Amino acid sequence: MSASTIRATARLARTKVTEACSQGWRHGALGPLTPMTSVASQHRTLSTSSSTKHSHHDQSKQSTEAGLDSIYTVNKDEIAKFAAMSDEWWAPQGPFKMLHLMNPPRIRYIRNRLEASRAISASSSSTDTHSRARFPLQGLRILDVGCGGGLLAEALARLGAQVTGLDASNENIQMAKIHSKKDPLLNGGSPGSLEYRHQTAEQLLEQGLQFDVVCSMEVIEHVENPAGFLKVLGQLVKPNGDLILSTMSRTPLAYFLTVFSAEHVLRMVPVGTHHWSKYITPKELEAGVRDLAGCEVLNVQGIGFNPLSGQWELNRNRTEQSMGILANIGASFAESVNYFLAAKKTSPSASASSPPS
Amino acid sequence: MSFRIIPSRNINALRQLHPNRNRLAPCATLFTATLLTAKSLLEAPTSKLYPGHVPISPLQRGILAVGSAFTALANPLRGDMVAALGETTGGMFLERIRDQMLLDPEGRRILRERPVITSETMQLDKLRELPDGTFGREYVRFLDDQQVSPDTREPVHFVDSEELAYVMQRYRETHDFYHTLTGLPVTVDGEIALKWFEMVQTGLPMTMLSSFFGPLRLSHEERKRLFDIYVPWALENGSNSKLLMNVRWEEWFEKPVEQVQRELGVQPCPQV
Amino acid sequence: MSTRLLSHTTARARITLLANAKKHHNHRLVPALSCSRFLSTHATPDSSETEPYDVVIVGGGIAGSALACALASGKATGTQKIALIEAFDLSNHINWKPRADQYSNRVSSLTPKSVAFLKRIGVWSELDSSRIAACNGMQVWDGVSGARITFDAAHSNDRSTFLQQVFADAPQSPSSEQGSDQQSPLAWMTENLHVQYGLQKQMLAHKNRGVQLDIFEKTKVQGISANVSSSSPQESSSTDISEWPVITLDNGKKLQTRLLVGADGVNSPVRSFAKIESLGWDYSQFGLVATLEVDHSTSTALDQGKGVAWQRFLPTGPIAMLPLNNGYASLVWSTTPKIAQDLKKLPAQDFCALVNAAFHASPADLEYLCRNIGPDGQPQVDFQKEIEWRASVQELESHAVARQSKDAKPPKVTAVQENTRAPFPLRMRNSNSYVEDRVVLVGDAAHTVHPLAGQGLNQGLADVECLARVIEQSLLSGSDIGNIHSLTPYSSERFLPNLAMLGTVDKLSKLYNTDFGPVVWARSLGLTAVDNMGPIKTEIMRFAMGLEDVPSSAARR
C-alpha cells in the first residue's frame, strides 16, 4: 500500500467514526428502539450511500406499487438496496457469501433454543426415529421475516418445518421462489413446506396469522421503526411460541469490523450495507423484546467469524452463574458484534390485538 | 611402445568398450556403522580378524593417520608408513572397490577364490619362458630390471574387515602389473603418475595424498613433465579403462601386451 | 421405481402405504424407516429415464463402499437415496471364501484410526479375526549403511481414551492373545479383499433394513454431464434440478444427483468432469506385491519376529515384509521397472532367494544378482550359491563388529504363493481441490501416494469418515449437501493433512533413493538420532497411526 493510500484510508476512517459516533450517542435509553421520528429522518439525510439517495426518490414514486403503505416495518431505501442485489443472493462466492456461511450456525442456534424451550424434542435420544433425526422441526409453523433470497427459510423447510418467508422486496421473493424450485426436498420431498409472500409483517398480522416460531435475522437494523417492528413480531408469535432474532450490537468493535473492515477495506460486503447507528445493543434489544414484544428473553448469544477457519462460530453461552472478573470481561466481548436473542411468548394477551395504526 | 594422444571425440568410443563400468558409488556400510555406533573413541570396534590384524580405536586411527602422513611425505621410502596411511584412511573406499568387484564376474571370482600373488604362485620361471611381447614375459622382465619381487609388499594391519583386508592386499600386490600394463617407469614421477591413475580408478585417499603432495618433492622439469604429459594421460585412461582391481592377471599372462592394453582400455603411457 | 407412483398421492397417504409395506421387515435397529421412501429425492424427472438421487458414489472400491456404509449407517444420512456404481462384479467380494493357507497379494495395514472408523460403521465385526494380523513392531533400516529405527507397540505409552474405545468392546478384537491389559498394536494387516467383503456384507445389511442404497455393479459410467439451468421464472410448477449432474451408465440408465462423489481411483472420470487438475509425478519405480511363506525360526527378533513389519531402504527402492498369520507374510517391493518385471518371471525358488538377498545381502550383491537375470526370467548364475557365499562372509564380519549382531534379522522366505506376484506403477498425485459445486473427491481420486509408509488406504478411509460426518452435519443444518459451502469443511479438514503426508512420504522416498555417500551418511545419522529420541519417535508413531488430529470444526458445536 502506498503512503497516499494509507493516508486516504486513515482520513476516511476518521470521518466515518466521527459521523457514526455523533449519530449513535443521540439515542435514548432504548437506542434506535426509542420510537421517534427525528432520529430516523436525520439518519436518512446523513446516509452516505449514494444509491439509497437515488432510490429513495424512485421508491417514493413507486411506493404504491406493492401496496406497501406501512411505515413501521419496512424502509424503502433498504428494500431498494437489497433488491438491486437480488440476483446475487445465491451466488456462493457473491456479496452474500458471509450470510451463506452464517446459515449452519444459525440453524444450530435455532435448534438448540427450540430444544431448550421444549418446542421440539432433544435430538440425541436413542429412541429417535430416523425421521425425527432428519426432520427435527417437523410440525412447526415458522415465519421468517425479511427472508431475503430464502437462505434461512430453505434450511428450515428442509428440516421439516412449514415455513412462510416474508420479504418486502418483490425481487427477493421472486429470487427465493425460483431457487426453491431447484430442490425436490422443498417441493414435496419432505414433511416441510415453503411458501413466500411479498408482504409486510403488518399485512400478515391483519390476516390474523400466528406462528409457532418467528425468526427475523439481521433485519431489525434495516427497518424504519424498530420499536413498531418488535411489537408486530410479538403479536405474530403464538402463545408459548418462540421468537428468535439476530442483529448487530452498536459497539466500536462492530463498527470497525462490519463497516470499516468488511465494507471499505476488505470489500467483503458492498459499501452501505450496514448503518452502524441503527445497530441495537443486547441490553436494548432485551428490553425491547420484553416490553414491546411481550416475550420473556431466554438466551442471548454472540456469534463471531473466525478468519482462520473461514467459518462462523457461536460464542460461549452466557451462563447465570457468576463468573470471575476476567471471564466477565471476556463474556462482554462475546456479544459485541453479531448476536442472537431467543425469547418465548409467555403473556396471553397476544392473540387478537389489531395492528397499530 | 608408441605414443598416441587420444582425441576427445574418441573417448566415447573407448567408453563403449566397457559398458559395465559404472561410476564408483561410495558405499559406507562398515565405515558409517562403526562411526555411528562406536561406543567410544577409545575402544577398538572389533576383535582380531586375520593374521597380522591390529585392531585400533578410532582415536588411535586418527593419530596414526596423521603421523604416517607426515612421515611418508618426508620420506616416501618408508613403505610401512605409506602402508599405514593407506589403511587408516581407506576404509570407505575399500568398500567401494569391493562392491565394484562384486558387480563384475571376474572381480567376484577374485573375491571368492582369493588368489595371492607371491613368487611361488606366480611361477616366475615359467613366465620367463613365455615369448617376448606377452604380458607375462614383460612382467617378469620388469621385475628383473627393477630387482624387485612380488614378496616385498607390506602386509595389511589396520583394516577392520577380513574381506577388505584382502582387497587392500590385492591392490598392493597388483601394483607391478600396473607398471607392466602402462609402461610407467619406477621413477618418482612415474610412481606419481601411476598414483594419479589409481586415484581416478579407486578414489583411495592415499592415492590422492600422493598425487597432490608427491609433486612437491620433484624438481621443476620433472613436475612440468608430470603435469604436461603424465597427468592428462592418467586422467583419460584411468576413467576410460576397466577397473583394474577386477582383472584376474593370472589369466592374461599369455596374451600379447598390446592385446591386453586394448581389451582393458588402457593406452600405453607416452615415453619421454 | 415406486417413487414415481407415490408422486401422485398425498403426503398422508404415502406414509400409511409405506408403514404397511414395511411391517413385515425385520428391523435390527429401532427406527420405523417408514418414511424412507417418502424422504427420497422427490422430483419430476427431466426425462423418463433420469432417476434422481441424493448421493451417487462412482467407484465401489474400499473408499466408495466405505462411504456408502458410513452414509447408510448415519441417522440423517441413512434416510437419503444413495447409489453406488462399480465396474466390477461385487458379488465376488460377498462370495469370497478364501482358503486358510492362501492370502491375496493386496494387503494393507490399517491404522487404529481406520479400525475405529470401520468399527463405527459396523464393518469390523463382519471380519474374520483369523485373517487379521496385528503388527506390534516395525523395523526400518537403511540398506546402505545399516542405520535402523525400531517402533514397538509395547513402548508406546499411549493409553488415550481413543485407543481404549477402539479396543474396549469388540469380542472379535483381533489382538487378543494377551488378555485384558492389551496395548494397541501399531496397525492391523489384512487383505483388501477381506475389507471389501466386510463392506459388502454391511451394505447388504443396510439394504435389507430399508436404507435406499442402490448398487449398480458390473456397470461403467459412460458419461457425466451438467446442464446449466435455463428455465424461465414463469415455469414454476415443476421442480428444476437441471443443475444437478447427470450420470449416464453404459446400460443406458441415467442418474441425476444432488451430490456426486468420485471414489473412482487415480484416473478419476469424476475429477475430469469437475475440471479439477491433478498434479504430481510418476516415480520411476514399480511396486511388486506377493504373498510369501516365511520361517519364523530363522528370525533373530523377539518372539521370532511374529507380528513385526520389516522395511529396508535399498537404493533402488524400499522392500517391505508385512506380517500375516500362520507363517505368511505380504511383500511390497518398490524397485525399478526392469527388476520388477524380472522378478515376476523368475522361478519361485530363485525369487525367494532374491527376496532373502534383498533383506540380508549388501546392495552390491543384490545388484549383481538382479543384473544376472536373463530376458526370459531365468537366472544366469546360481543364486543360491552366490547368496550362501556372501552370507558366510557377512557372518564373519557381523560377529566381529559388535553392533551389527544386535540388529534383529527378518525371517527367511521359504516359498512364494503361486500367481501372487504382480507389479504396479508407483506415482504421486494430488488434486488441486477436493470439492467443486456438487462434486467431491475421496481416496485415490483425490490423492495418490507412494506405498512406502502404508498410508494410502488409511488416508482414503479418513477422507470417507470426514465426508460422511460433514454430510451428516449439513443435513442437520438443513443445507443442500451439494452446495459448495456445505462441502468446504471437508476440504478444509482433509486437504492439508493429505498434502503433508504426501509431501513427507515423497521426500522420504527421494532421500532413500540414492547411495551417494554424504547423503547416506547424513540420513543414517539422522535416523539413528531419531531412534534414540523417545518423544520424537512417539510423535512419529502417533502421526502414522492417525492419532494426531483433533476433531474438526465441523463437529464442534
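Note that the chains take the letters A, B and C in the order they are written out, and that residue 1 is the start of every chain.
Note that in this section a residue touches a chain if its C-beta (ideal position, glycine included) is under 8 Å from a C-beta of that chain, and two chains touch if they have at least 3 such contacts.
Because the structure is predicted, anything quoted here is derived from the model rather than measured.
Averaging Cα coordinates per chain and for the whole protein, the chain whose average falls nearest the overall one is C. Put simply, the chain farthest from subunit A by mean CA position is B. With each centre defined as the average position of its C-alpha atoms, the distance from subunit A to subunit C rounds to 46 Å.
Measuring from the averaged C-alpha position of subunit B to that of subunit C gives a distance of 54 Å.
For this pair, subunit A with subunit B, the centres built from the Cα atoms lie 89 Å apart.
Counting only residues that touch two or more partner chains, subunit A has none. Shared contact sites, meaning residues of subunit B that touch two or more other chains, are absent. Those residues of subunit B that touch subunit C in the complex are listed here as 25-30, 32-34, 36-37, 39, 45-47, 49, 92, 98-100, 102-103, 108, 112, 160-163.
Listed in rising order, the residues of subunit C touching subunit A in the complex are 7, 11, 30-36, 39-43, 52, 75-76, 78-79, 229, 231, 233, 236, 238-241, 243, 437, 473-480, 483-485, 488-489, 492, 553, 556-557. The touching residues of subunit C, when paired with subunit B in their complex, are 144-147, 362-365, 367-368, 371, 389, 393, 396-397, 400-404, 515-517, 520-521, 524-525, 528. Subunit A makes touch with subunit C in their complex at residues 92, 100-101, 103-104, 107-108, 111, 123, 126-131, 133-134, 136, 154-159, 174, 177-178, 181-185, 187-191, 306, 309-311, 313-314.
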